[in-house]
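Note that chain A is present in both complexes that follow, paired respectively with chain B and with chain C.
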Partner chain A sequence: MAAARTAARLATRLLERPWLWAFAAAFLVWLATIIFTKGQGGGEILSAALAFGTFSVIVGIGQMYVITLGPGNVDLSIPATMTFAGAASMKIMATQDSMIVVGLLIALACGAAIGVFNYGLIRLMRIPPIIATLSSSFVFQSAAIAYGRGIKIKPPPSLADFTTARIAGFPILAICTVILALVMTVVLHKTVYGRSVIAIGQNARAAKLSGIAVDFTRFVTYVMCATLAGLCGFVLSGFSGGASLNMGAEFLLASIAVVVIGGTSVAGGFANIPGLWGAALFMFLLVTMLNTFGLGAGIRLVMTGLIIITVITVAGGKSTDR
Partner chain B sequence: MIATLLSPRFLRNALPALSLTVLLLAIFQLQPRTMSYFGLNLLLNLALPIAFATIAQMCIITVNDLDLGIGSYVGLVAAIGATWLNETPLLGVAALLGCILIYAALGALIHLRNLPSIVVTLGMSFVWLGMALLVLPTPGGTVPGWIRAIMTLKTPFLPFTIYAAVAVGVIVHFGLMRSAYGTVLRGAGGNPRSVARAGWSLLRTKVTMFALAGFFGMLSGLSLIGLTTSADANIALRYTLLSIAGVILGGGEFVGGRISPIGAVIGAMTLTLAASFLTFLRLPPDWQIGAQGGILIVVLAFRAVINRAEARR
Partner chain C sequence: MSKVLTTAVLAVGLALPATAAIADTADKRIALSNNYAGNSWRQAMLKSWGKVGDQAVADGVIAAADAFTTAENQVTEQAAQIQNLILQGYDAIVINAASPDALNGAVKEACDAGITVVSFDGIVTEPCAWRIAVDFKQMGKDEVLYLSEKVPNGGALLEIRGLAGVFVDDEISAGIHEGVAETSGFEVVGSVHGDWAQDVSQKAVAGILPSLPEITAVVTQGGDGFGAAQAFKAAGRPIPLIIMGNRHDELTWWKEQKDASGYETMSVSIAPGVSTLAMWVAQQILDGQDIPKDLTVPFLRIDQDNLEENLANTEVGGVANVEYTLEDAQAVVNAAR
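Presenting the complex of A and B:
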């Protein structure tokens, strides 16, 4: 009797977790795919989903911190940052294995610099974050085009090997990103900084009055988001055989979509990291499923869009009025 | 007189026009040959579709939302315009009306379920792009003669684009800034709660503004193919960001229903000229998008300075 009640309580508590829905949706889509293929390739699909989902999760973590800061906070410069950091680091490494560490540092530094620039626009010029990150993304996208000269620069062989390596079917990169996600979960919930982010998102004025360093917290968050985008540009260049000028394009939607589908509140003040993984897997598996069904590019895009809207309609819709 | 001219309020309102004038003068200085009918026509040719897209975006921003799918929507309209509208005009018109209805429905969905417009419209950008690919899988198509005829109209003194842009700005200005219902529409962005308490339907304002956005987006797509003579599903993807930039450049603000239709048209023209400006400076075309970003930052910096001066008084 008591055991049954504990189980029931556990079940209700689990159902209240917003990230569960993302994983459930990902599982259903995966199931539909392998039923269609009659059980073939289920493992490979999952492995690929983990590999490709990694990149959405890396930028998603940064975007999630930014969105959690409250209404109006979003970083639209992620694609440009990825492209710029990817192009700069690949060019400086010039396919030399010995330069990998330097390249990584360059990518991170590029990201951090763009983050500082973004927040400078937001804070010093009082530009709304959407416009600030949008205009800086114009500038850095151009810089990447001018610097990369449209040539796909190959990554060093060891970096390419590392980013595509697997252990027992699990991509090493995915394992690293899971660890990163765990660290960022701890940062979010257990550190003064993480709790400040949530507090600011819930009520910026109350946070300021209670002595939280609002400006500093926002500064750190924008810089961190851009740095993660730089990191993502670096590993994605290694993974996909070089930095290309449109490699960041799809991550504008992806970074925002994984955050929202993962159960983070768009109104801010409520973040959820496990959901990022669920949503990233869902997004990839969804495209895989539509591909497996043999649908053309047009139908596939329409379905992707409609399913994203359906998910947000069902999952969202919570009243944000206070 | 001088005091009025230097007052922050006047400066802020004049800033969009001022930046356009400065840019135009700089271009005339660099390349005097642009100071002719033909030159202006070449310079501002593509400003009209961008101006329509900017007005569409402004309608959405009025009610505190943001449309990240307008670029792919313009692409879909272009695709429909270069195929169905030419071959079977009735089907084409029905499809375009259907698109506007979808826009209106989006407004209703966002309002009723209290959804973040960024995500919904980002999802819709996929839907529009997918539909455009279904209608027109490969670039091409034929543009109906009448659209082509309108867009290449030879008007006296100044190119057609300028007359059309001025007309659009003025018409929307009177519709939104001077009419009674226009005030309610803007009020729905400024203080939704009091507008609702005063007995106006917020659902209706949102549906109206989204439908208007769909309408102006349609005009953007049709005017675009009138200039390019063929369509492509990806033809206008950059309009999404350009339109947001245009609204802000023109003096609009993100929240609070503070908009400026004439400013938005000027903003769109400034962004169009920014690209040509670079060419005349002999800078590589790689920096064109960057220049648009740069101009945006400079104008916003000026606005920040003006606002700060106002706060000090």
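Presenting the complex of A and C:
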């Protein structure tokens, strides 16, 4: 009897989790796909979803922290940061295995530097984050074009092997990113920094009056977001056989979409990391499903839009009670 | 006053015949209005323009060949740019347009101001402009015709398309499907959009591949072949015959496979140097030549036997390229007459 009540309470608590809906949607879409293919390739599709979802999650974590800072906070420079960091690190590594650590540090440093630049624009020049990060993305995208001139340099062989390796069907990179997500969950909920981010997002003025270092927290968040974008550019270049000028393009919307579909509040002050994974898998599986059904491009795009609206409405309906 | 003017006119009149042997366009200025620069094809296009243009200026054929690129790939931005070029008094504007019809207003203004407008690759439909178009449909059809020679028994095809909603994507795809209808034994079993980008294609192919039967060949639009190869490799599936699109990564991969296992395919695309063809056409029009309004760009096709030669000439990370000469342009013009 007591056990049944505990189970019921657990089920209720689980249903209250905003991230549940993203995972449920991902599962349903996957199910629809393998019903269509009569069970063929279900495991491989999941494996591919994990591999490609990884990149959205890495940039999604940074974007989620930024968005959680409250209304108006968003980083639009993620694609340019990825491209710049990817191009710079690939060029410096010059396919040498011995340079991988140096390349990684370069990518992270590029990201961090762009983050500092972004926050400089926001704080010192008092430019709204949307405008500041958009304009800095022009600067760094152009820098990447000038630096790389469209040159696609292959990653060092060991890096390419590492980023595409799988253990029992699970991409190693995805496992690493799950660990990263766990760490960032602990940081969000258990550290002074993480709680400051949430407090600022809920009410920046109250946070400031209660003695939270608002400026410093925002600074750290923008730098971290850009650094993660740099990391993503680095591993994505390894995964896809080199850095290209348009490699970051799809991550502008993807980084925001996984945050929103994952159940994080766009208004800030309320974040959750597991939802990023659910949303990233959902986004990949959705495209796969529509491709598998063989629908025309127009219908595919309309369906994508409608399904995303449905998921956000269903998931958002729960959190408005808060 | 009028005497001075007459003398000046006379002087010019006397001077002209002497230089006419080179060109009557020595004082003409040509501008390139380009809507996008963010990929390797466009970078090579601009580089070719710069190289051939600078040479033409140095040789005294034209007075200037300046390139202008808009930042955002927006129609409004490019329309504003064209208006600026009109005000700056260029004699000809060569356009790679963001839209076939939305720039027509700006193009008409340029024509009305007496400026020669030549559009290429991304052409404009305004009748006063010249169009150097690509027969994308034929390009798609050629892919299937090649396959029907190579694999007479036919088989399952995976189609990688470009950017949804773009005219080029519809044309190439229509050509592919026309080819499939005309030959026998081929069937398109799956179709994904790869946006002409290697990483997007890799992702899309990796997603759809588990649900597909064995694939005989992959028909592509360029920029997507290497991504497709990577997706097949990652899935542990046999590598099918993948049509390539002249990119350096694609040609390099093909060369590796050719050396390792005698892999055979072909590669076809448009050389980015088509910008230089457009420049020569503009120069010819300024020179007073009678040029048909509609011209067709030749394909740059790479086959098994000239792969090495083309790979060696392709810049690392770039696209196989040809820069056109005045004679090439005249040949294209004569073909259209």
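Heads up, the rule we're going with is that the second predicted complex is superposed on the first by the 316 of 322 C-alpha atoms of A that agree within 3 Å, B and C clash if a C-alpha of one lies under 4 Å from a C-alpha of the other, contacts with A are read in each partner's own complex, and residues count from 1 in each chain.
Here is the rule we go by: a residue touches a chain if its C-beta (ideal position, glycine included) is under 8 Å from a C-beta of that chain, and two chains touch if they have at least 3 such contacts.
Being a predicted model, the structure only gives us computed values, none of them experimental.
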{"item": "Simultaneous placement of chain C and chain B on chain A, clash or fit", "value": "clash"}
{"item": "First (chain B), second (chain C), both or neither touched by A:Val197", "value": "neither"}
{"item": "Partner chain in contact with A:Phe138 - chain B first, chain C second, else both or neither", "value": "both"}
{"item": "Touching partner for A:Glu250 - first (chain B), second (chain C), both, neither", "value": "second"}
{"item": "First (chain B), second (chain C), both or neither touched by A:Met184", "value": "neither"}
{"item": "First, second, both or neither for A:Thr304, with chain B first and chain C second", "value": "first"}
{"item": "Touching partner for A:Leu236 - first (chain B), second (chain C), both, neither", "value": "second"}
{"item": "First, second, both or neither for A:Ala107, with chain B first and chain C second", "value": "neither"}
{"item": "Chain B versus chain C as contact partner of A:Glu44, first or second or both or neither", "value": "second"}
{"item": "Which of chain B and chain C A:Ile58 touches, first, second, both or neither", "value": "neither"}
{"item": "114-122, 132-140, 258-266 or 294-302: stretch of chain B that collides with chain C", "value": "132-140"}
{"item": "On chain A, positions contacted by chain B and by chain C", "value": "138, 141, 145, 297-298, 300-301"}
{"item": "Footprint of chain B on chain A - complex, ascending", "value": "72, 74, 121, 124-128, 130-131, 134-143, 145-146, 252-253, 256-257, 260, 266-267, 296-306, 308-309, 312-313, 316-320"}
{"item": "Interface residues, chain B side, partner chain A - complex", "value": "66, 109, 113-116, 118-120, 122-134, 137, 241, 244-245, 248, 253-255, 284, 286-294, 296-297, 300-301, 304, 307"}
{"item": "Contacting residues of chain C [partner chain A, same complex]", "value": "37-40, 42-44, 47, 71, 161, 164-165, 190-193, 197-200, 202-204, 206-211, 226-227, 230, 234-235, 248-249, 315-318"}
{"item": "Sites on chain A touched by chain C in the complex", "value": "33, 36-37, 40-45, 48-49, 51-52, 138, 141, 145, 148-153, 164, 236, 240-242, 244-247, 249-250, 284-285, 287-288, 291-292, 294, 297-298, 300-301"}
